[in-house]
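Before any comments, here is the structure.
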Amino acid sequence: MIRVQSEPLDSAQSLAAFQARAHNAGALASFTGLVRGGGVSKLVLEHYPGFTESEIARIEGEARKRFDLIDTLIIHRFGALAPGDAIVLVAALSTHRRAALEAVDFLMDYLKTEAPFWKREERADGSHWIEPRADDRIARSAWEESSES
Amino acid sequence: MIRVQSEPLDSAQSLAAFQARAHNAGALASFTGLVRGGGVSKLVLEHYPGFTESEIARIEGEARKRFDLIDTLIIHRFGALAPGDAIVLVAALSTHRRAALEAVDFLMDYLKTEAPFWKREERADGSHWIEPRADDRIARSAWEESSES
Amino acid sequence: MRVLFFGRLADVAGKRERQAPALETIAALRAWIDAEDAVLGEALRGKGVRIALNKSIVHDENASLSEGDEIAFMPPLSGG
Amino acid sequence: MRVLFFGRLADVAGKRERQAPALETIAALRAWIDAEDAVLGEALRGKGVRIALNKSIVHDENASLSEGDEIAFMPPLSGG
């Protein structure tokens, strides 16, 4: 399931609902990305309605193809967020723990580099766009290499 | 925080409480192990009170030494569990997503092979002790090799 | 046709959306933007800027455009 | 001294706990168990069985025991 929403993301509640659909899964892995403090008063996420959802669906499809998964959950916020707010929740259900953990890792690496969001931090000294980090691109490239082997 | 308990494990609620302590963490990774169905009517976990807790504390200490973590959470059930019940919840808070995800992976690999629990499955044809799987031991050994490099 | 700007490109453009006259290719659209706002035209050639045509990534700037098309200029993404 | 059996070893022993007379080493304890219950003695030598002395793993079977010690025989673990 994919949701791109401006409403607050209650990651515990969303995980509970997702886990309830577990059926015969033995493994549930999840990752929640939170807005860090450290001088940031607000984080604003812009997205491209329609395109953002379809790109996330494409990334999810890749993960489903690559790992033996029963179900996946991706919820991503847009709009204005405060420190401590959840930006993203990714979860994977599988019969095997390795598949669930690797799928979450894979999904996060791809969301970081391919999901159409743009982030602006508001700090005391003004507003700054955040560019993707080089190590995020490297992490994603590692998956491409592993698929060729 | 470590808890070894016979009470049902509400992993969503425990995660919510853990996330509330996130402070400046940007990354929360978690894994929940669930009792699989497939003919199992009951899973009984035996533990060694005192020793089980201290062994889990040792494993947690290893993870805290190895990864840059803000906090960790390990909750493990003992007693009789039904299919769908959570057996174990492991979570890690970090400023970095890679550290959080790797710590959860590491903790699960070590719990699988070093946490003093013994599992008995009850099926229509009787009761069976579950021996650890060879691939669990291999997964754990991989961490030992990576610490030497 | 609608031209959309995301992230810092919207700041450079001064708006998030602009109407352009009917043009045949993305290359022609770029030329029109250059004439209207050279600073924006330059920013759209920045490192990592990607283009979506009707919500699909395009790499060929000579792909032909039609009336009603939506062209988006997107700086490097940062999800998750 | 208390001798504890976990997992399938408790099934073999028929109980989870047993009192043993004061013995000087784990090797001596094994000999006593062999005499009392040879099948159990054999099971305690099974692959992967570990011994904890007062809740710490011991590898040296000649480590000396004291009165009131707790010795646990544990088959391969399976947490998580």
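Going by the order they are written in, the chains are A, B, C and D; count residues from 1 in each one.
Keep this in mind: a contact is a pair of C-beta atoms (placed from the backbone, for glycine too) under 8 Å apart; a residue touches a chain by one contact, two chains touch by 3 or more.
Worth saying up front: this structure is predicted, and the values here are computed from it rather than measured.
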Mutual neighbours - chains that touch chain B and chain C alike: A
Centre-of-Cα separation between chain D and chain C, whole angstrom: 74
Centroid spacing, where centroids are CA-atom means, of chain A and chain B in whole angstrom: 23
Centre distance in Å when chain A and chain C are each reduced to the mean of their C-alpha atoms: 26
Whole-Å separation of chain centres (CA-atom averages), chain A against chain D: 49
Shared interface positions of chain B, touching two or more other chains: 33, 97, 108
Junction residues of chain D, two or more chains touched: 80
Chain pairs in mutual contact under the definition given at the outset: A-B, A-C, B-D
Parts of chain A lying in touch with chain B, wherever the complex brings them together: 11-13, 15-16, 19, 22-38, 83-84, 86, 95, 97-98, 100-101, 104-105, 108, 139
Residues of chain D touching chain B in the complex: 4, 6-8, 10-11, 52, 55, 72, 74-80
Of chain A, residues touching chain C in the complex: 33, 46, 48, 50-51, 54, 76, 87-88, 108, 111-120, 129-132
